[in-house]
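The following block contains the structure, expressed as structure tokens.
For reference, chains read A, B, C and D in written order, and residue numbers begin at 1 within each chain.
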Amino acid sequence: MEFEELGIGEECGVFGCLAAGHWPTELDVPHVITLGLVGLQHRGQESAGIVTSDGESAHSFKVHKGMGLVNHVFSEDSLKKLYVSNLGIGHTRYSTSGVSVLDNCQPFVVETLHGKIAVAHNGELTNAVRLRRKLMRHGVGLSTSSDSELITQLLAFTPPLEEDDTPDWVARIKNLMNETPTSYSLLMMHKDIIYAVRDPYGNRPLCIGRLVPVGDINGKGKNNAETEGWVVSSESCSFLSIGAEYYREVMPGEIVKISRYDVQTLDIVPRPQGDPSAFCIFEYVYFARPDSIFEGQMVYSVRRRCGQQLAIEAPVEADLVSTVPESATPAALGYAQKCGLPYIEVLCKNRYVGRTFIQPNMRLRQLGVAKKFGVLSDNFRGKRVVLIDDSIVRGNTISPIIKLLRESGAKEVHIRVASPPIKFPCYMGINIPTKEELIANRPEFKDLAGYIGADSVVYLSVEGLVSSVQESIKARQDQENNLKMNKFKSGKIGHCTACLVGEYPVELEW
Amino acid sequence: MEFEELGIGEECGVFGCLAAGHWPTELDVPHVITLGLVGLQHRGQESAGIVTSDGESAHSFKVHKGMGLVNHVFSEDSLKKLYVSNLGIGHTRYSTSGVSVLDNCQPFVVETLHGKIAVAHNGELTNAVRLRRKLMRHGVGLSTSSDSELITQLLAFTPPLEEDDTPDWVARIKNLMNETPTSYSLLMMHKDIIYAVRDPYGNRPLCIGRLVPVGDINGKGKNNAETEGWVVSSESCSFLSIGAEYYREVMPGEIVKISRYDVQTLDIVPRPQGDPSAFCIFEYVYFARPDSIFEGQMVYSVRRRCGQQLAIEAPVEADLVSTVPESATPAALGYAQKCGLPYIEVLCKNRYVGRTFIQPNMRLRQLGVAKKFGVLSDNFRGKRVVLIDDSIVRGNTISPIIKLLRESGAKEVHIRVASPPIKFPCYMGINIPTKEELIANRPEFKDLAGYIGADSVVYLSVEGLVSSVQESIKARQDQENNLKMNKFKSGKIGHCTACLVGEYPVELEW
Amino acid sequence: MEFEELGIGEECGVFGCLAAGHWPTELDVPHVITLGLVGLQHRGQESAGIVTSDGESAHSFKVHKGMGLVNHVFSEDSLKKLYVSNLGIGHTRYSTSGVSVLDNCQPFVVETLHGKIAVAHNGELTNAVRLRRKLMRHGVGLSTSSDSELITQLLAFTPPLEEDDTPDWVARIKNLMNETPTSYSLLMMHKDIIYAVRDPYGNRPLCIGRLVPVGDINGKGKNNAETEGWVVSSESCSFLSIGAEYYREVMPGEIVKISRYDVQTLDIVPRPQGDPSAFCIFEYVYFARPDSIFEGQMVYSVRRRCGQQLAIEAPVEADLVSTVPESATPAALGYAQKCGLPYIEVLCKNRYVGRTFIQPNMRLRQLGVAKKFGVLSDNFRGKRVVLIDDSIVRGNTISPIIKLLRESGAKEVHIRVASPPIKFPCYMGINIPTKEELIANRPEFKDLAGYIGADSVVYLSVEGLVSSVQESIKARQDQENNLKMNKFKSGKIGHCTACLVGEYPVELEW
Amino acid sequence: MEFEELGIGEECGVFGCLAAGHWPTELDVPHVITLGLVGLQHRGQESAGIVTSDGESAHSFKVHKGMGLVNHVFSEDSLKKLYVSNLGIGHTRYSTSGVSVLDNCQPFVVETLHGKIAVAHNGELTNAVRLRRKLMRHGVGLSTSSDSELITQLLAFTPPLEEDDTPDWVARIKNLMNETPTSYSLLMMHKDIIYAVRDPYGNRPLCIGRLVPVGDINGKGKNNAETEGWVVSSESCSFLSIGAEYYREVMPGEIVKISRYDVQTLDIVPRPQGDPSAFCIFEYVYFARPDSIFEGQMVYSVRRRCGQQLAIEAPVEADLVSTVPESATPAALGYAQKCGLPYIEVLCKNRYVGRTFIQPNMRLRQLGVAKKFGVLSDNFRGKRVVLIDDSIVRGNTISPIIKLLRESGAKEVHIRVASPPIKFPCYMGINIPTKEELIANRPEFKDLAGYIGADSVVYLSVEGLVSSVQESIKARQDQENNLKMNKFKSGKIGHCTACLVGEYPVELEW
């Protein structure tokens, strides 16, 4: 699937870093956060921001935000503004409903009675409208349309408000979690602490890494036992480039306190009894980077299993299996392996065309998807091709690709989609086109192969996807149960498949 | 006086425009505001912003803000973003205490229970610290350090807050005025109305203009009777360039409602009995543009009277009178005329060096004030020069000028200052250096002539300044009293001379 | 191989477009050139430029150039400057010897006695120093260090220079070709003609495409028989995105004239007798895009054959074959297929880190190549990996990758390199590190496996590479000979392998 | 006169600096040149450039150029690129005929057989077209439309060209001067020398200054006897800000060699016998800064004399004399003094509107000149005003000013123009509108007062202007003749009044 298949989304990435041990630290905190955000860039290319603190005063933060890619927003010069710092949080972001203004950039900072707090968040509150009215009814004016300001003002607002008291941030965070059940993974910084919080349904990812000494170019001085600092990130893929080791996931409902001394679980807010967790299955299908680890498994492995499952569900007589580069490649390799056909490349990508997602007004869009690909025609001339795509949302990008392959000599083109049809909107952070735009809801869906010009087209079943995702989780759970070491204490494992089946994990409010 | 004599200030300019008659208007509202702000550029060159509204929805404003001069921030492209609009308010601004960030740019916009409001303000709240704590104690987080956010949240906050009610903005504005007596001239926009408010002491200027048809290049079609729209501005100097006529001042304590139908006085909040008004005398001395009108008189005329008064108070035997260009020129012409000496130019200015005030880190500063002037040595070689300056605050810019004149052949250099020495800080919007930096508080002041290298130096007396300012106001008042048409109903006329004598119009709070 | 393995190069891409038929054309010439340059972006990311002409006056060109990527230099606004145009040429470029200034941007334009000419060129003149002195001795001052200015002034200079004569551009181009034998592929525009020229040795690529009607989104109106215009490009990969069909290569030594009426061969300048042609073999190994066609074969196919040949020359007992993404992927798939091992991905790339080649001063470089990759550890934990790379030049990027794989659980890591060791500098347009920096010339090369930390390392033989490249060319030649239709009239086919074996196609001059 | 009265001009400023004594120098050469160019900014705001040299190699210059004001082009960062340098030349420039491209920025640099030369020049060659053809006929391609490239290639071209010879730059410069008689003031840098050259007619200004130690803030360490370096500039007004003393003018036809050791006259190229010199009289009238010194007199003094002469030629019964700020102020003061009327200001200028000259497409232009002025109506209500302007070229700016004054209460408005009517185009560097656009050539000129809405309008006579300019020059010449020390050896003093009377100093060639 090409990005233009999706709408303008709300997806974001959050990243925090806190130096362990002696402060002021020698760890280059702003630079670590910048690199961490580069590792999350696929989650949001529209704006980026970092807020840092020296951890001494509750009243002074350093802030730098800007529009564009992380590498564009953070130059050596702008990084200088963020020093001296021992901890900090950062954010990358897509726009929501076209409001691409700097005002909405995260992290959001406010001064409260007890000093400044900064909040970075990924997700979308299902009851935002009600919460906004509640705050406004209390006399709070809201200066942006972002959920982050909402969260920040809710944290500031929570009574009792007595100047002499120590602020009980945990109580306030729990109060916030009671006000809004999902979806959010958020980082909150106050003075010398980063709080990492995941909503009770675990809808958005969040995990913790441990910074260890990198050593010199030959690895001398590398020491995996020593902890230089802690990082917390939307995805573990951002750890390798900064020399961090994967430590663990933040659990659904968990409130983690990260200080210079240690990483502590302060509380785990439970879901209503019986409710399973609801991690977004679309993160596995499309959004996350393949080398990230969710729920103990590599995203790449899930995608390959989807391809294998698809080969079982929808085999086809053909000469070769190929991929729409490059998000569908793991599924294509899985499909090819399972059905015994050769895996051969038929398209190559021009890296410089750019994801038109980001520059939605570019004239290039009109020229169609062909301008993004080169065709390796010698590889498939006269052959029957099975082309694996990861998903078909609107159906307007696969059609010109099929046409391209046919014009370049493909004898047959069979489409196999490594995920089920998307039929329902998402209100929890993935921006999916309106119902009318989804190909699965349109009349053309009845003869989809004819509509897109393929010889055949088959989607993966919902059951096939869910089993591909849950297979190894369950295997591990069984194993842990046998060993009585199950760490997933917060209840029944489930996944949010709302966009596929229309059942949302919580009731939606307007 | 050169701008580097002052510190980093809080001075600002506000400008609003509302189209009269049929909506959508044909009046180019965003462009009128931009030109209006260019006319107020001398009040703040650091950032500029405009918020406009179509006047139909209480929930949608168009916003554009940026760092730099008005002409830089507002291009034809960025102006397009502000359409369609029937009304709007704008702002130009200096930084306060080095916080030159975009976040602090005005106008400030928040969404309240009753829709969005935008606020632009000039001045400084004398009880800001207490008000910030009050709001935070109520659970409101504050995201900037600006008084504008404070004002906006106070307006949003005022109970009772009932969704079904029509918001009583006048009651809220009066509540705000009760919370904080001075200093502010502010514009508030909500839906289809602009409220123009001046604090009860009238410390900061604000006046209203009427847009009339400009006509073609030969003036055909010009029609002074028709009203195309209303403008409201910190200074009347911004009216000429947009084809507006001076209408009247907003009175101290007055709340004016500007709608498409008319301009109404909603209320006049009184000062505590016996308190005189307290318009900032420094606006006359230095800050305002000479063609602006305050209290019925042209600033230029006041400055010339100061020069005349100075000639009476401190005559000197010399060959010529000259000016430090160009703010002291009216005073110099007044001095020359009163004492009968020829007025001759001795310095010319290089327009391209820039006010170093604005770029405080420029290396050029070290090279001294000389780089900003050219010397017209043939005009004064061998002559005795009386050099008029409008004020001497720190004393570090006049000294190199005197040196320059002497090196270029001046026989004597006598300094006459057309305002009294500044001895006290301002807490109401003019940023004056700390007490220790003021030359009038330093030991060198005893032999100021020796210290700056002049043959003599004399300041205008406080009484001389006050009489120069009040003379024609009183004459007019007397005349109006005789005619029983006194419009200055809100009490005794006074001026804030706190920076000169140390008596502030209200008690200061911390 | 990662780009940091190479030095700062001279590689460039050239692209021209000329509308056929009626002028003024409806073809969007500047936009076609922009898209064509985006398709050549891999050949040069430092600067870009386009020069267009309406074809009527010999004295007026429209020019736009800038530093950075094509998408950055050419906005909708800057494209407007290039209209009205019926023909034009463009260029993308790397810097030569650190002189990354705008002055050196191509195309280069000069006015001559017969009007303006514009030149865009790819390659490096082996006798540039001598030619510069020759021109300067004639009294021509040279304002840049680029070979393009040199070529342009040589074209302007060629006598006889008589104002009344029609300029004989072909004679001048032939004179230029006699002055300098290699290496250049160049486009020259004058009035209404584009001349496309390839040096007699054919060292740099150049090919011609035909623009056909694209049709609407469903292909209606597409008409392969009609010619809308001609394009000429360094590589055919740029044709697909603009709706052009591959027409043919420009032959070594050929001078092609492209006019609105047709495409004509004006002359073919021969090589010294016996000299084989010398197309750069490194274009196949690394530089070109895999979907480009050179000498009748797809680059991708050559790379896959190199992998197959490598499997024959250097098999290894292992569990899986993988690639250093993504330039080595065709070779890895060829290797895996030939030796029957599964092809499995072990690394994924972070697209947002950027080729550090382009931003040589980035601090990120110090953090090593790991930051550019994610590790798919579940795919190879406990396995024996054969990792295919396309070339190893300095040896400093493969080493950390091997370390990464081992740390992530690889049991063995065997390196197979799909090209021979580079031992000699290139003076014809590919910038290769100095002899001392090349790993093949260093003492560590004796125990390369030990040095880079691999279990084994084997390069492809020179013979293996040459046969992989020439195999299908020869097959086709034989076929054509049998059919008596050989189009390669300009002599014996050879390839420049100077960087591998040290024998240069022409004598080098200084 | 407002700048929009003029067309798009060719005027420029040149500035050079060379450190005296020990090299590498401690003098901050690039910074001195930058400040020097700021002092010449009024001569060209479109682009700026500096080329520096360490003086050791003839083959390496450092170059930085850019579009915009000097302060914009030269930041601390870009200045770093110009080090280490012991000498350098710079340039500021207006566009010629709309070609505002970076390519045309000066200084122009070329490499010749004997190393690199850089050229900065002010003026316009009267035989440029012929010279361009001559060079092109010789086979030199010209890459820009600027006279600077022409001059540079002419210098490079001059035979004999023998590699072993020392280049005889003086012979080449003399050859250039023989090829083209006027108009140019130029700086040429080669290795360790700056050559300063003024054309035989002395049409454009050029003068030399001596850098002396500035001393600390109190002047300690200042030492007028020591020479730190030499500067050479279009106008002496740029000397004060860099701590340089006026040394002398470069004489018409003089070739000056500036080296680290001294300043030498190498030759003085004579004019054809009988030809008087022809310094541009418009420099006195309008273009130069008032504090500059030409031919031994301050520009301000000439302008004041023009005002005095105008009072004699065209007195008027009125209440006050005023100025169109600010170029006409010296003339207005002279007029007022001579006729005994009070000098009173009636207009003040908004500094932030900008010279629309520079941004010709600004929408503001349509709103007329009024937006640039504030009106000091209290100063002239009910009065008869004599308004002095320095020149009226097209007549479209004075008209709205008169209208403004009348609307604000002026009883009468009499215009007196301190220069004669402009009737003819300039081909020597001042861009004057076409003949048809000049008000003096139009039918409206017969009733100019009626056309512009004035009560009367009188221009200064040509004789009055010439005598105002030459009076003190002749007085000094007589004095020097008496003392037998006449330094003006190159013949009869004259001034170019071509734009007033149509007689050009040399025959014009096309």
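The rule we apply is simple: a residue touches a chain if its C-beta (ideal position, glycine included) is under 8 Å from a C-beta of that chain, and two chains touch if they have at least 3 such contacts.
None of these values were measured; they are calculated from a predicted model.
A.B. asks: Starting from the Cα centroid of chain C, hunt down the chain whose centroid lies farthest away.
C.D. replies: In terms of C-alpha centroids, the chain at the greatest distance from chain C is B.
A.B. asks: So what's the Cα centroid distance for chain C and chain D, whole Å?
C.D. replies: 50
A.B. asks: Roughly how far is chain A from chain C, going centre to centre by Cα mean, in whole Å?
C.D. replies: Distance between chain centres: 37 Å.
A.B. asks: Using mean CA coordinates as chain centres, what's the chain B-chain C distance in Å?
C.D. replies: That pair's centroid distance is 62 Å.
A.B. asks: Residues of chain A that touch two or more other chains: which are they?
C.D. replies: Chain A, residues with two or more chain partners: not present.
A.B. asks: All pairs of touching chains?
C.D. replies: The complete list of chain pairs in contact reads A-B, A-C, B-D, C-D.
A.B. asks: Taking the complex as given, what residues does chain A use to touch chain C?
C.D. replies: 31, 35, 38-39, 41-42, 69-71, 76, 217, 219, 237, 240-242, 289-292, 297-298, 300-301, 329-330, 333, 337, 342-345, 348, 350-354, 363-364, 367-368, 370-379, 400, 403-404
A.B. asks: Given the complex with chain D, which residues does chain C contribute to the contact?
C.D. replies: It comes out as residues 63, 101-103, 108-113, 117, 132-133, 136-143, 149, 152-153, 155-159, 161, 163.
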